[in-house]
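Written out below as structure tokens is the structure these notes cover.
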Amino acid sequence: MSHAAYVIASYLVAALTVAGLVLWVVGDGRARRRELKALEAAGIRRRSAQTAGGDDK
Amino acid sequence: MRLLAEGLSARRGEDLIFHDISFVLAAGEALVVTGPNGSGKSTLLRVLAGLLGAESGRIHLEGGPPGFEHPHELSHYLGHRNAMKRELTVEENLSFWQRFLGDSPGGAGIALDAAAEAVGLAGITHLPFGYLSAGQQRRMAMAKLLVAYRPIWLLDEPTAALDAGADRLFAGLVATHLDRGGIVIAATHQPLGIERTKALQMTGFVH
Amino acid sequence: MRLLAEGLSARRGEDLIFHDISFVLAAGEALVVTGPNGSGKSTLLRVLAGLLGAESGRIHLEGGPPGFEHPHELSHYLGHRNAMKRELTVEENLSFWQRFLGDSPGGAGIALDAAAEAVGLAGITHLPFGYLSAGQQRRMAMAKLLVAYRPIWLLDEPTAALDAGADRLFAGLVATHLDRGGIVIAATHQPLGIERTKALQMTGFVH
Amino acid sequence: MSENSMAIRKLGDLANPTRFLALAERVLPWFAALSALFLSVGLWLSFTTEGDYQQGETVRIMYVHVPAAWLSMMCYTVMAVSALGTLVWRHPLADVSARAAAPIGAAFTFLALVTGSLWGKPMWGTWWVWDARLTSVFVLFLMYLGLIALNRAMEDPSRSARVSAVLVLVGFVNIPIIKFSVEWWNTLHQPASVMRLDGPTIDPEFLRPLLVMAIGFTLLFFTLHIAAMRNEVWRRRVTSLRRQAARNAGRETLAP
Amino acid sequence: MIALFFRDLKLSVRAGGGAMIGVLFFMTVVAVIPFGVGPDLNLLARIGPAILWIGALLAALLGLDRLFQAEREDGSLDLLLMQETPLLLTVFVKCAAHWAATGLPLVIASPFLGLFMNMDERAIGATMLTLLGGTPAITLIGAVGAAVAVALPRGGLLVSILVLPLAIPVLIFGVSATYAAVEDPAPFLPPFMILMAITLFFAVIGPVAAAAALRHSAD
Amino acid sequence: MIALFFRDLKLSVRAGGGAMIGVLFFMTVVAVIPFGVGPDLNLLARIGPAILWIGALLAALLGLDRLFQAEREDGSLDLLLMQETPLLLTVFVKCAAHWAATGLPLVIASPFLGLFMNMDERAIGATMLTLLGGTPAITLIGAVGAAVAVALPRGGLLVSILVLPLAIPVLIFGVSATYAAVEDPAPFLPPFMILMAITLFFAVIGPVAAAAALRHSAD
């Protein structure tokens, strides 16, 4: 391998790794947002408090 | 001796399972916890046993023996699982727990044979625990409550898998324990046949 | 279709557990096996499920679909343990069993959601099985009976850990199955609330 | 206890993540644009500057290798600070931050390892030696992967947070070892020439693209980290909403 | 059957025994070696194939014992036994899933680890090939051991006496085939053919033996 | 406490076959290395201590993952956690029993394996001594990993991954103490004292950390 090949290989690996990272983060974000939308569409919303606990005695 | 729970609430994962539960049990009293599946009975017992942290509230003991900070150190806990090793014989299992648990102040455990007798299974202590039938296993797990003395018993569905005869036998054991000034807290779906009980109905969060 | 057992006896280790048990069940009939702890109910069910060899006697099916030599290939078995993986979600568990078990000739399993609905736990199928309470787990194990069709159900203490509501629900499931011409054999300590049952009282060999 | 105080406490818990989400929404585009800008300028610079008389073309590997190596250590430092946040201040976002950083750190460490190997083959004649610097970076990589595996295996974040925080802090001893290994043990690897107390000793010809790339990588790291944290917050929200949904659905049919 | 394969795969990936963890474990083992024997590149290159094989054996052994025991503990084994599908096939599929989840990733990762051990291309290729041929045998042997372990609640000892001695020939032929590929005078094919023969033999015998053991284990 | 010790010992002998499988694996490692190194007896003798140490380290991993998991599955862990006796002590006793069942046999087997590696008496003695001093540390570190992984369904490999990096110092000083005993100029005591210090350190820290992890794992 010529020296240029090592350089190109390193830049290629770097590009692929960074692209993979970006794709993972973006894809993960999209999926989570979709799930949240689906839940919201199903009428489930975050509640700040819940009602009555176990009745006593 | 009195066991007090004040404003207990507990969480599983993100969710609050129950909220603001309080009760007081004097020596010789039993509390029967009932409620539909998933309403948090087992969770409550695990909180009382110190196995799960309470989200809020506290549990303490009044007039107990000195030197015990947490009531769970004075408690027997009988959960869904029997805490016995399949590979060891019943006798090895029981004698291990007897020696490991030791007696709490104020009482003494009974001998292994007597305990097996008390749960109606004398004479099969030499079998590996794994060989017993479901109900026999459960009974032997109850024998564990007898071999080492603890004033407080926390029982999670103790009579599941027991036949009618054993139910009565168990009610007898509990009654004896209460007579001696013990405290029993049991979660159950079936009537236990014990008198002098308080009742706690768990509802869970109904939305 | 008729399920016949003739002169069954079985051994556990060295001991004969029961001896010369015979019964005949026609389509739409249920057999309720009762008896004290250790009398051999579970053993009988395991023999019927083909998991334990019978010491003597035989089990066979008359008028069943062709190509099935052993009745156990046409049976669901619900033992003490639920046969579900704690780590997988309920949905993954159920869909695995649905695909793995497949349907026996003569019927079809229902969809996962419908099965969860039928045991009163619709909408929590995405939770890991280990998160469920004891009773919820048992109900989901029952849903397993619905997702793949089997004419014969072998149930070992199906209602242990169930609350009263779930008991009724379960009785309904069994009744439906019987109406469709199924056969149910259940070992239990509690009345199941089903009509049209035959009863088998195990006495065991008293030691 | 009244339901009101419950509500307030729960809201207090939520306030931080919610505010974080809003903030992330605002700053993310800027971070993304800036890092793209710096990276492209850096890339252009690194291919237009001269090669080294000694190392020839391969010196260009430095412009990825060194920033990736720095970032791998910085990312772990961020995780260690977050771990402190979990253990000491119990900040709800600290665990989110540590969790989100681990895969990014692993990727940068991977890059440092691969580019270092690709540099080592022409320079030292071998892909790998077990000297202190290289071994400690490899151990760092293993630690990242181990933490990811642990986080993935424990699905309940409330339970795994403290355990993995402790592990992160224990593993932090590795960072000074990496940094100073070239000085403490004699190795094949270059000693520090940029980040030194007495100023950089490297030729400005190489320093310029290196610094631009380093800034670009750092900005990229923060962009990804913030985005990953946002994903993690969402993920937790989805889980808890689902449980809540489950609870409701279970109850309705259940009336005894 | 496909359902079983995927369930097992999912279980082992989900439950902390997955592909990544196997590889990670393998990498950790390799990283530990130089701390023991020192960073001498020549020595490392020489013991490299042996180390990779030992690492693979260990990775395969850890967790293999639970193959059927986990099924038994939650009652799934009963249902698997009751079905009409031949038990052999069930066992075989479970082995395949186990291998795919733990063995295969090791094989795929081995070249990179070879680089760390300073092995040359030839040795790396040979190691990968022998691992590919040999690891299934380890899984299959392990399955027999796991099945026997289920049958004998109190007979764990027997399992280890059974599994490791059977696995040692695999290891020895695998390693010696690798070295034969590197050192010229020794021919590569004979030991490799023996390795493959062992694998095939266990591919047949393993499931049969395991199924027999499982049938008798039912209690 | 003594009851716990003997119960654990009984269990691992009866159910796990712990001792046997560890020793067998240890033997396997030692049997395979000579293939790589070739018939060069001197070299073999030279790397012998390192190989024995690596083998012992890896063998100690087998079975470690079930240390607390088995207790959790049958509910015993709940009872162990509830007691008044400090959890530390319980953990320590369990470690001791585990070491007695798996570590000690390794130490006892090491001289024989040393003979296979053509080591001289002095090296064998030194290896045995350092193993005796060092393996408890490995068990104690392993207990922390096992406690962390107790909530995981299949912790096997993950435990090993958590444990191996922490065990590296033990390996380094164990090996260097052994070499110091063989090669005259280097003094034996300093690295051996460090090894013992590490063991003592983990004898204190290990149970504390494991107890903390167990407390948090309760669900």
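A, B, C, D, E and F label the chains in the order they appear, each numbered from 1.
Operating definition for what follows: a contact is a pair of C-beta atoms (placed from the backbone, for glycine too) under 8 Å apart; a residue touches a chain by one contact, two chains touch by 3 or more.
For clarity, every value in this text was computed on a predicted model and none was experimentally measured.
**Student:** Overlay chain B and chain C by their C-alpha atoms and let me know the rotation angle in degrees, rounded to the nearest 5.
**Tutor:** 180
**Student:** Go ahead and name the chain pair joined by the largest number of contacting C-beta pairs.
**Tutor:** E-F
**Student:** Measure off the straight-line distance from the CA centroid of chain A to the CA centroid of chain F, and report it in whole Å.
**Tutor:** 40
**Student:** Cα centroid separation between chain A and chain D, in whole Å?
**Tutor:** Centre separation, chain A to chain D: 15 Å.
**Student:** How many angstrom between the C-alpha centroids of chain C and chain B?
**Tutor:** 30
**Student:** If you average the CA atoms of chain C and of chain F, how far apart do the two points sit, in angstrom?
**Tutor:** The answer is 46 Å.
**Student:** What residues in chain F touch two or more of the other chains?
**Tutor:** 14-15, 73, 149, 152-155, 158, 161, 165, 219
**Student:** For chain B, what residues touch not just one other chain but two or more?
**Tutor:** As it turns out, chain B has residues touching two or more other chains at 12-13, 19-20, 35-39, 80, 86-87, 204-207.
**Student:** Hunt down the residues of chain D that sit against at least two other chains at once, touch-wise.
**Tutor:** 6, 139, 142, 146, 149, 153, 156, 240, 242-245, 247-248, 250, 254, 256
**Student:** Please give the residue numbers of chain A that touch chain D in the complex, ascending.
**Tutor:** Against chain D, chain A makes touches at 1, 3-4, 6-7, 9-11, 13-14, 17-18, 20-22, 24-26, 28-29, 32-33, 35-36, 39, 42, 44, 46-51.
**Student:** Write out the stretch or stretches of chain B touching chain F in their complex.
**Tutor:** Listed in rising order, the residues of chain B that touch chain F are 12, 46, 49-52, 68, 72-73, 75, 77, 79-88, 92, 95-97, 99-101.
**Student:** Considering the complex alone, what residue numbers of chain D touch chain F?
**Tutor:** The touching residues are 139, 142-143, 146, 149-150, 153-154, 156, 159, 162-163, 166-167, 170.
**Student:** Spell out the residues on chain F that touch chain D in their complex, using ranges where they run on.
**Tutor:** 148-149, 151-152, 155, 158, 161-162, 165-166, 209, 213, 216-217, 219
**Student:** With touch defined as at the start, can you tell me which chain D residues reach chain E in the complex?
**Tutor:** Listed in rising order, the residues of chain D that touch chain E are 117, 126-131, 135, 138-139, 142, 145-146, 148-149, 152-153.
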